[in-house]
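Listed next: structures, encoded as structure tokens.
What follows is chain A paired twice: with chain B in the first complex and chain C in the second.
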Partner chain A sequence: MANNAIQVTARPFIFWDGARPELPFEVQFHGDRVARLTRDSEPIDLVRLEPRLFGSVSPIDHEDRTLVRLDQVPRELIHALLTVEDRDFYSHIGIDPRGLARALWANLSAGRVVQGGSTLTQQLVKNFYLTAERTFTRKLNEMVMALLLEIHYEKNEILEAYLNEVYLGQAGSRAIHGFGLGSLFYFGRPLRELKLPEIALLVSLVRGPSLYNPYRHPERSRERRDLVLNKMSELGVTDRQTAQQAKMAPLGVSSEGVQSALAYPAYLGFVRQQLRQDYREQDLRTEGLRIFTTLDPDVQRATESAVRQRLTAIERARKLPQGTLEAAAVVVRSDSGEVAAMVGARKSRFAGFNRALDAQRPVGSLIKPVVYLAALQQPQRYTLATLLEDAPLRVKQAGSPDWTPKNYDKQFHGQVLLIRSLAQSYNASTARLGMAVGVDTVIAEMRQLGISRRLQPFPSLLLGAIELTPVEVAQMYLTFASGGFRTPLRSIRSVLSQGQQPLARYPLSVEQVIEPGPMALLNYGLQEVVRSGTAQVLRGRLPEGVRVSGKTGTTDDYRDSWFAGYAGGYLTVVWVGRDDNESVGLSGASGAMLVWADIMRRLDLHTGEFPLPVDVELVAVDLGTGRLADKHCEDVIELPFIVGSAPTERAPCASPQINGKVGGKVRNWLDRLFRR
Partner chain B sequence: MSIAKKRTASTKRKSKTTKRRRGRRKSASRRRRPGMSYVISRLGIALAVMCLAYIVYLDITIRNRFEGQRWPIPAHVYTLSKSCRNWATAGLKTPGSREAMPWQTTPYK
Partner chain C sequence: MTRLDFSRFSKRLRTGRLGPNCGPVVTGLIIAALAGCATVGTPTRPAPQPAAASAKPVVLNLMRDSTQSLAAGQYSQAALALEQALRIEPRNAWLWHELAKVRVQQQRYHQAAQLAAKSNALSRDRRLQAANWLLIADAHEGAGDPARARTARERADLLGN
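Then we have the complex of A and B:
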């Protein structure tokens, strides 16, 4: 046991309910479980871990920077910076002949370039240019501009601009400018929390971010950091002992894989959108806000790796060119609508096109549940056992060619039960159902579910010829997953001001938009998709006892592969396709659904049945006719019905009325009794 | 100031050479003498104006660029906070690791 114990120190953190100082504690493991937590040998129940800082935003502007104000910058950083870069900063006029001479001397005596002669002002001016060419005119311009800058602005203003502008490294395609962002990037912490060795490391990067890159050249980086520390103690900015101690410290950069500061660009984009939407602008203008989101780093990591690995596997298995597939995924906690994870690209760590939020793609069969829901809300007309006709159909559309929906298997299936049509995702029967219910009714239903964009009432909408983003699809399915309550997706739990006061937000409206009865029927139908329909492959891929509801979506020529489904407390929507809209040859089940299963398998899903509402009863019906079945029938399916809507006629296979009382409703009543 | 001095010096030097050549190109040089200084002085003024214009241009550039840097201090964004508790699994599947915040409301069951 003792060998399985580790010492941990939780960092100090100001939580929403107050500050928690640094907290050392010990964890003992038993297998892969935490067996015992102790602090100073006293057992404790739990330790709150600090949340991870993963971004900084200017909620109003579009720029994504971490700006610092001079008074927030540790004094040591300024001392260190001026020591190595520009000692006479506060006395020169923008250019510094003495400094230039000193640098020249230092370089000559060292035999290599160890010091630059440019003042901070000149460096700042140089940074304003996009290119780094070194010509005489450029140098002259730079000097003139440095002089001009000094005429117009105070030293401190120039220094502040420098601190925010200086180039400190590269994160993928993104340049790291400024010490604020640099601190987040290299150490995952805000600047004011840095200690002397870390400050010295940041300052050492000014001279050459790639040359002294602590990841690629740790030795060189360390040498340079120690040089900065030496200079500081030489000039007496820090005492010898402190500098000596600092030199003992490791580089301390956060490991490259978990540079969380910039890790979740897609999610951050969503947070920004919601900030603007849910909070008053003048409130957001206050400085030093802290935003607590609902991003779960574990779920996010699971989602990222599932997307990455599965796409590679699909490309390999189907001999597709590597790297052509793209994907987006949204994971939502279905009881609250809190978004736990979002992936907007296969390379999820690179900021770029956020497909989860911005890619509008045709949704295909993902729309069908809406059509069926609209029907099931009229229990006197439609039940899960209603027979639909899956036969050729021609619909005239104003201004476009006639609409003749066909099935994916290029066959028509005759008379099918409504639940079967949904589970097998038949197009012809769904289109007929949709036309009978009315396109306008279906659109109204989508509004109820939370889709706010304008929709044209074309019949082809019934089969998903409309474009939605993965986030919109998640919003729509969230209403299903939450049992008929329209809950806005949200990513922000709270925004605290500098004084720890939560900012007021526009009220959230949670509204029951679908009656529990029809919702339960649809839910049952979406479970049937997994039990016997297009998502059968999922069976056995998730833990025993987890109830899965879902729907596949495939568009023309296999351009888009979708899966939206919920199970065990999470709703997840996945899209797979190509950015250039070429065919990927994947159906919903052979693409997005596999990614979906990989994500869900890694989550902590809870098991259990959805309780049926009181006005719903289970009745056994004959699969062929949709009429009452009994033990004599072979193909029997037990379906939920809103009380009073169950079929009354007996199926041909069932025995006549006399035995019916035992076989029919009474049995179902008993069933229900034991089931609940 | 120094530019003006240099100019007078150079015109003197030029006047000497023109004297020496006076015999051959008398009429031409007489016409050129006032013209030269005129042209040079005008050129100097033009150059000075251009220089000034360029400096003003640089000044505007640098000021625009500098003013553009002033954004409000941004907000910090945090993930969900998790906690380490007894009998939690060490891996991803940590039952009960999600922490309810005081203001977190569950709208329905």
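Then we have the complex of A and C:
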């Protein structure tokens, strides 16, 4: 390191669009930011680094397994394994009388089982079928089965099965089986890339993954690894000098915080789902595919820590029992639909129920923008300034009790502007609007936005009495965030076959499903939610100049707390609730929205907004009546209107004449005439 | 979209110093001009200036790479470079326009028209909008829909000049 610069050499790597050779370059820093990249003193503006491996999917069952074929396993690993575990593997009949005699002697002298003396075949049997109890009966069973196994299968088949079955450690609730997965888990690299010291470490784990855990017992782990290396050199499977060199090497395991192999179970689950959906089964059955994803490790980390810390803080502040809240979050790049991060549980590193993908929860008010959009697509009937009636109503529903929506504040607000009804998330006025527009129209709109599940046309759907997963909500809001273009969520950038040929690509594809005019109006309304509505608290929580659009969602008895919002090129959806569906006492704004803000604050937000479309104009209206306002009015709001749909009547507060001379209508006519 | 001075690029374009690399850009412009002629008979149409495309050298370089690939008939490479650029500047209307051009070449007409529409949603630059409508017209034509192609061309003419 000199002059705040470091020399880096990027390893050669085959990307989806071709190979990149080894690339030495220099990074110069200014403070904590990268100031310049150079190669041979020439400035370069882009370097693609080798992507990090964070998971694997078995081609057969799509489980999280990394199966290896015998011919893909480094020779050194086989040598090391046989050296320390079963020297006579290729000659014995499934049990090894010599090894057994040794063990038997030790056990008899001790009066109990203290030594294994098991062959690989026996160990495999143990791993496959039997319990871990240490009795003579079990030992006998094990031997019989090992003998049978040897009769039925070739040595190499048994060895291959062993290599894929052996237990090598524990990641949370998940057992690490097989050297392929073990390699990913401990080193973040595929098995074929490991060097001798790393191979020796993996082999040393066979004897006791927790006893020789390199994270918890680095010293012991090192001793054991060196023992493996010594034995290899003693038996001549590796030369003394190579073994000595290997012993000098550090343990080399990836630091525990970035144990990337299994770090993102929720994201990996989504990748798996998309593979199944979008690729041909037979293409996936070949081994050694490389799947490039759109995951952004920084965004993922930010999302994980925001979820974890904020839930703890909420529980503490609200005196909720610790550890009862659960959450899910999805972060998407607004214009490409690329999923940057996904969290399916508060303890995001533990595989288990993936709430982002699989938790179907009532969405509450998150549905409302769809109702308003359906209305705003009829500009001659509805504008942001249309007066809605926020008053009691009763709707009959076939097969269920009458529907009588009420507001959260238990009041009715009389005549309110459409934009205010959206911003304040009033239920009664929204329900009336939805009934006027038609439940079927709203459902059709949801289809356009990207929801494909079947929906029953009950009126209560208008206020969100439907269950969606956070990923589905993200798909729907993504269409808003991308300016009315439906863009499929995608987690896979490309898949390379073993021959490094791209299988099929997920190209960027967009589909305009909302005209720019109505989209601009809705977007303005969703910004109003943050400016003056239910998400006001957000103001000032994000950097200046970043315009935020969003919507809170709260369900009956405060069971679900939602927030879906977009700003600066990212759309983020957060759900907070309990798995047992008990009330959490949180509204969208007091739960999910706080997590949302914590996530967004940590992202590198872009500026750059959609400009107002050419057929949209801004007009000042009176907040009370929705009619044209002027300087005499006190409560004025400037709203976008699709040209030709702005109110023409003047508000009572406005003076009937402009400039004291010409009346409004005449003035308008003159304006049009002279195109002023 | 950030507008900065891109005189450097445009000068190179005008003086032809980009060499054969700028082939497809030029070809595209010629097609655009001819298309304009066909409908309204205006002799020339001011060409959109890709020079104003970005403030970031890395984005400009990726655009140049894409242009080169397009010239060499490597359409998917051209698209990849633009997608890479879009990751850096997702709200850059020029990049969406360029990607639409690539899709026309790939005969993926529906996507071409959609991408051009996205470019339009992101820009109020009338010349870019006109160029997008011409692309949409090309796409409809390619897809065998001359009526919609005509409508799109009329929209372009309304914006041009």
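One rule holds in what follows: the second predicted complex is superposed on the first by the 592 of 676 C-alpha atoms of A that agree within 3 Å, B and C clash if a C-alpha of one lies under 4 Å from a C-alpha of the other, contacts with A are read in each partner's own complex, and residues count from 1 in each chain.
Following the convention adopted for this analysis, a contact is a pair of C-beta atoms (placed from the backbone, for glycine too) under 8 Å apart; a residue touches a chain by one contact, two chains touch by 3 or more.
What you are looking at is a predicted structure, and each value in this text was computed from that prediction instead of being measured.
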Give one of first, second, both or neither to describe whether A:386 is in contact with chain B, with chain C, with both, or with none. neither
Contact-wise, after the overlay, does A:613 reach chain B, chain C, both or neither (first, second, both, neither)? second
Considering only touches as defined above, state whether A:510 meets chain B (first), chain C (second), both or neither. both
Just checking: does A:268 make contact with chain B only, chain C only, both, or neither of them? Give me first, second, both or neither. first
Once chain A of both complexes is superposed, is A:354 in touch with chain B (first), chain C (second), both, or neither? neither
For A:152, using the defined touch cut-off, is the partner it touches chain B, chain C, both, or neither? Pick first, second, both or neither. first
Just checking: does A:334 make contact with chain B only, chain C only, both, or neither of them? Give me first, second, both or neither. second
Between chain B and chain C, whom does A:33 touch in the aligned arrangement: first, second, both, or neither? first
Between chain B and chain C, which one contacts more residues of chain A in the superposed model? B
Dual-contact residues of chain A (chain B, chain C) 17, 45-46, 335-336, 483, 485, 510, 512
Under the definition above, what is the set of chain A residues touching chain C in their complex? 17, 45-46, 333-336, 338, 483-485, 505, 507-512, 516, 569, 606, 608-611, 613-614
Per the contact definition, I'd like the list of chain C residues that touch chain A in the complex. 1-2, 57-58, 61-62, 76-77, 79-80, 83-84, 86-87, 89-92, 99, 111, 114-115, 117-118, 120-124
Once bound in the complex, which stretches of chain B touch chain A? 55, 58-59, 61-63, 65-66, 69, 71-95, 98-99, 101-104, 106-108
Enumerate the contact residues on chain A facing chain B in the complex. 8, 15-17, 27, 29, 32-37, 45-61, 63-69, 72, 125, 128, 141, 144-145, 148-149, 152-153, 161, 164-165, 190, 260, 268, 271, 284-285, 287-298, 300-302, 335-336, 340, 482-483, 485, 487, 493-495, 502, 510, 512, 602-604
